[in-house]
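Below you will find the structure I want to go over with you.
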Amino acid sequence: MTDLVEVRPGVYHDSVTLMRVSQALTARPEVAVAVVAMGTDLNAGLARDLGFEVPPTTPGDLLVAIRAATSADLGEAAAELERQLATTGSGGGKARDEAPPRTVRSAARSWEATVALVSVPGEHAFAEALDAVEAGLSVMIFSDNVPVEQEILLKDRARARGVLVMGPDCGTAVVGGAGLGFANVLRPGPVGVVAASGTGAQQVTCLLDIAGVGVSHVLGVGGRDLSAEVGGRSAVQALRALDEDPATELIVLVSKPPAPEAARAVRDLGLATPVVAALLGPGEDDLTAVAEKALRALGRDVPEWPCWPAGEAPAREGRRPLRGLYSGGTLCAEAALIAGADTATEAGFVDFGDDAYTRGRAHPMIDPSLRREALRGVASGVVLLDVVLGHGADPDPSSWLAPEVRDAVARGVDVVVALVGADGDPQGLRAQAARLNEAGAAVFTSNAAAARHARRLADG
Amino acid sequence: MSVGTRQKGRRTAAPAPRPPAAPSYVSGAASVAVRPALESPRRPARVLAAFPLALYLEVRSECEPHVIAVVTGEGVRLPNAVLLGESLDGVSAGDDGWVGDGSIEIGGLSVGVRRWWDPAPALAPADPARLAAAPAVLAGIRAASPRRPGLDPAGAPALLERGCLRGSLVESITAAEQLIGLGPGLTPSGDDMLAGLLVALRHLGRAAGAPRAVWLADWLAAAVTFDARTRTTSISATLLHCAARGEASPEVLGVLRAAAGHQPPEPAVNRLLRLGHTSGADLAWGVQIGVSAVLSLLGTGAAGGPTGPARRERP
Amino acid sequence: MTLSMLYGEPRVITVGAEVLAEALDRQAVPQRRVDWRPPAPGVAASLARVLADPRRVQANATAVGRMLSARPMLTGVRPAREALGLEAGTFFHAGPPITWERASGPMRGALIGAMLFEGLAATPEEAAERLASGAGITLDSCHHHRTVGPMAGVVSPSMWMLEVADAEHGATAYCSLNEGLGKVLRYGAYGPEVIERLRWMGEVLGPALAAALERCGPLDLRTLVAQALQMGDELHNRNRAATSLLVREIAPAVVEAAPGRAAEVLRFVNGNDHFFLNAGMAAAKAAADAARGVPGSSLVVAMARNGTDFGIQVSGLGDRWFTGPAGVPDGLYLGGYGPDDANPDIGDSTITETVGLGGFAMAAAPAIVRFVGGEVADAVAATTSMYEITLAEHPAYQIPGLGFRGTPAGIDVALVARTGVLPVVNTGIAGRVAGTGQVGAGLVSPPAGVFTAALDALAAA
């Protein structure tokens, strides 16, 4: 085995891109292990743990560490690395006459935009988002770990400027048909959504789309917006903006139960447009019920939500453990509530999208490795998982999940999948469902229905 | 409305049978107007015309729009358009393709849709004062621009304007019959004018609370679309069908928003005027007649005339 | 409220994860990607505080607005003794304040020359001894006295100064007269020919120019600089067009005012392509001073080097200097000189970059891109990259090759710290050994630490 360790000062790529490069390298047969990452203490430590001799690095350096059988293999891997790095971040390889802008401020000065999408690491998001607001642009902040006082300041400045701050930690938005972040391919239609929960909004809008009802806009506000501290600053603005929007006939508000102050702020707006609220929590409607309520409010029929039951399973004896392995926090909470409502004994629900699991790695909607490990560890009982489709998500989740489902079913585990997607999604909603179903999973487009089904299976 | 003036030459002198190569998959954004065509079973299609920024694909189908514009870069987002991020090389007029089952196949490309947009977004209620001033404002900007419509104002255009302002169905339809297909080009001037008029009557009629204008739009639309396919080019006929449903390019919709007082008129009108050879000017003229008609029909109810023809539901 | 992004075609600026940008490409959404890189470690906290300062936007607009609206006029030429109240034994110098002990070769050489010129010492050795002892000697920064000086920038009472008044804001700024190329005081040379030339400048050149300006002045330098930029000058390393324009303006008046000496005066001015540099520097100093003292502003109002330290001053931080080690310029060398002969960066001429000229206007001066070791495309790239760290585009100073876009003007310490893009400085290179003179010219980068230190100070203010 030989090692290649390189530190390239001043070369920057985002973490998702580098993770893909590392994966592509590690996937090569001649490569034992590869770390291509920015030189943070965490990443340098990771490489040292793998036995690489890493010189001192700073977060502004690109760290490359590759281990291969022979030096010839190493040379090939290094060449592949260059190919991989050369094809990223070039905007499809098109050469530009002028150097690309280095800040949102500079981009906004030279190009007419309507919105900015910020996904730099959280400690740096404030500057870019503030640039957008000062340039009179609304901004979606996908980044998490942005201090709350920065959030409040951004939202106050935005209100003064007549623009909207979506986020921080805003996973999804659809603006004028364009999906920002993790978003589904939804048809245009009469429903406007204000969401403090990304996957919650995705569930509701996907069900509406399946029912043939589209959205005008989906405006995320960030998970903290309806807290006591932030007080619903963006939710209030988003609700007012949708109320003004002639294309929006009905507004759906998706949030965890808001703090009383925030609830008051959003309630006392006197909107002309009817609002259906999805306040996720005990005693509240689940997301599917909210979608149904919205359909009824529009005078539309509620369809049977598509599902693909698993084949006849052998009769199981008695109660069995139920595990929930989720990528979406809201979906996880909803499922835990439904599945555990009557017993509250199940502790087996894990949200792999939580900060504790995403530190130093990509979101589970992109990187399935932790969930795959967890699924492999389930020896018996019932497993409930979510699969979220759409822009930005795993381009073909069934390619890794279907074989795992097959193995799990062979072990005697019942697998239930909540498949959140729209018919237009690039992964193909029905194709994904069919492949997972063929592998032996029961597949539901409604997370609530999936959770109830899993509960029934577990109860025996 | 044309999107380029220079037809691209054929790649080869003699049409060679296309080798059955695997298509390269690309994705884009489509108007919901073309969703029925895309979601129908696969049908053969043919390239009517190819320009650097757009090509027109005719689908063998009775449903409208039966012509789909495939647009790239800064090409005009026609209401029947599918926008691509990549360039449109290697496709020529006469090439065969397929449309349906969720994709468009043409010239080795298989186009999937990753975004849907609405070519007829609702217009917020109009500001009465701004709307009242809009005909003069529009006329002023049009007069200051070197862009001129393709038709002489006397004759059918004058008759159309008079008919619309009076709310006279007979005069309006008589004029419209004369205007369909009138003028040179892929989208004759008469058609562009009618398209501008139709969308202005429908959207501003609704936004200003002038039901009589919407009623007029319904009847005119029915008359214009009845035999459009036999009276004008396929592309133009499709765009008239779109206009009949209130669907238009963002440039036209921007002028409607300006007329309703929601954005500054000058840049919006100038953006529209820049389209095509005379198309933008023809559309702007039609919109101006529509705005004037809406104002003149304000306060007159729908009663007194025949009720409108059965409204088509948007897909 | 009406939210404009909800209407019309979405057009998105993306910064961060490539996977999200690619998703927009697949939707054919028009997009502009930001080439974002993380700032230097430790900058984020100060940056957030400074950016959050509610005064910042307005303060910067005010400060840079004052800088860009200045109307510098060349009003006169006077001895420093008279104009600046400079007394015998007091010397001003370029850059942030420095002591004899820390002064570099060329700075020491220029001070020695000034001692000889003022008659405070008979020999260079005696001058050096007195300067080292400090007895009766006061050194201070030009910038503390509305003054700038190229290279060593040493000003003594008997030197004649160009006087520039800002007709918009009323302040005055000064710069010495340019001595020409070769062995000159500003590069640390102090031989007899240097002292002789200074005498002539005091006896003939200064009075002749003063008398001429009385007839034809004041001279509008804003207009002159704007014209020179369109004639291929960037006003730091190339001043040929500006010098020619200046000569055209004053020649008749020189002939009328000093008929006996006109030929030698004009021949001297004409023979030095950099004669205008000093007038341009005084004009820049007047404009930069107009922007001083706006609380909350992160605008750089001075960049200057003394041959040892590179220092900046910031509008919202008073007269405080933020200094770091001056770098050695990267460039072309004259004759047999090489990098080993070069002194670290020196001079107040970075006042031109401070107001959007010099390296910031490189795209206007294709003639000298070779001189600073590059192609025309590099010059365009240099200027273009400066828009990333500047607050405005100069309304009068325009670059024909960039479609008459205004030059990038008004450096923001927050933007420098954020992007890591450092100001591009064009400069002459002085010999390391006192008395050598100029050895080359090239490009130099300021030390990044001065900008982050200023940012930290703004955050703490």
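For clarity, chains are labelled A, B and C in written order, and residue numbers in each chain start from 1.
The working rule: a residue touches a chain if its C-beta (ideal position, glycine included) is under 8 Å from a C-beta of that chain, and two chains touch if they have at least 3 such contacts.
To keep track of the chains, here are their UniProt names: A = Acyl-CoA synthetase FdrA.
No experiment lies behind these values; they were computed from the predicted model shown.
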item: Per-chain Cα centre nearest the global Cα centre, belonging to chain; value: A
item: Maximum inter-chain contact count - chain pair; value: A-C
item: Farthest-lying chain, centroid of Cα atoms versus that of chain C; value: B
item: Chain centre separation in whole Å, for chain C relative to chain B (CA means); value: 58
item: Length of the line joining the C-alpha centres of chain A and chain C, rounded to whole Å; value: 50
item: Centroid spacing, where centroids are CA-atom means, of chain A and chain B in whole angstrom; value: 38
item: Per-residue overlap in chain A, given as positions that touch at least 2 other chains; value: 92, 176-179, 244-245, 391, 426
item: Touching two or more other chains - residue numbers and ranges from chain B; value: 27, 29, 85, 114-115, 117, 121
item: Multi-partner residues of chain C (at least 2 other chains); value: 2, 7-9, 25-27, 29
item: In the complex, chain A residues that touch chain B; value: 92, 176-179, 185-188, 214, 244-247, 391, 424, 426
item: Touching residues (chain side chain A, partner chain C) in the complex; value: 10, 12-17, 20, 38, 58-60, 88-89, 91-92, 98-121, 123-124, 126-128, 130, 132, 134, 137-138, 142-143, 147, 150, 153, 162-164, 175-181, 183, 216-217, 237, 240-242, 244-245, 366, 391-392, 426
item: Chain B residues within the chain C interface of the complex; value: 27-29, 77, 83-85, 114-115, 117, 121, 250, 253-254, 257, 262
item: Chain C residues touching chain B - in the complex, by the definition given at the top; value: 2, 7-9, 25-29
item: Residues of chain B that touch chain A when the two form their complex; value: 27, 29, 32, 35, 85-86, 112-118, 121-125, 207
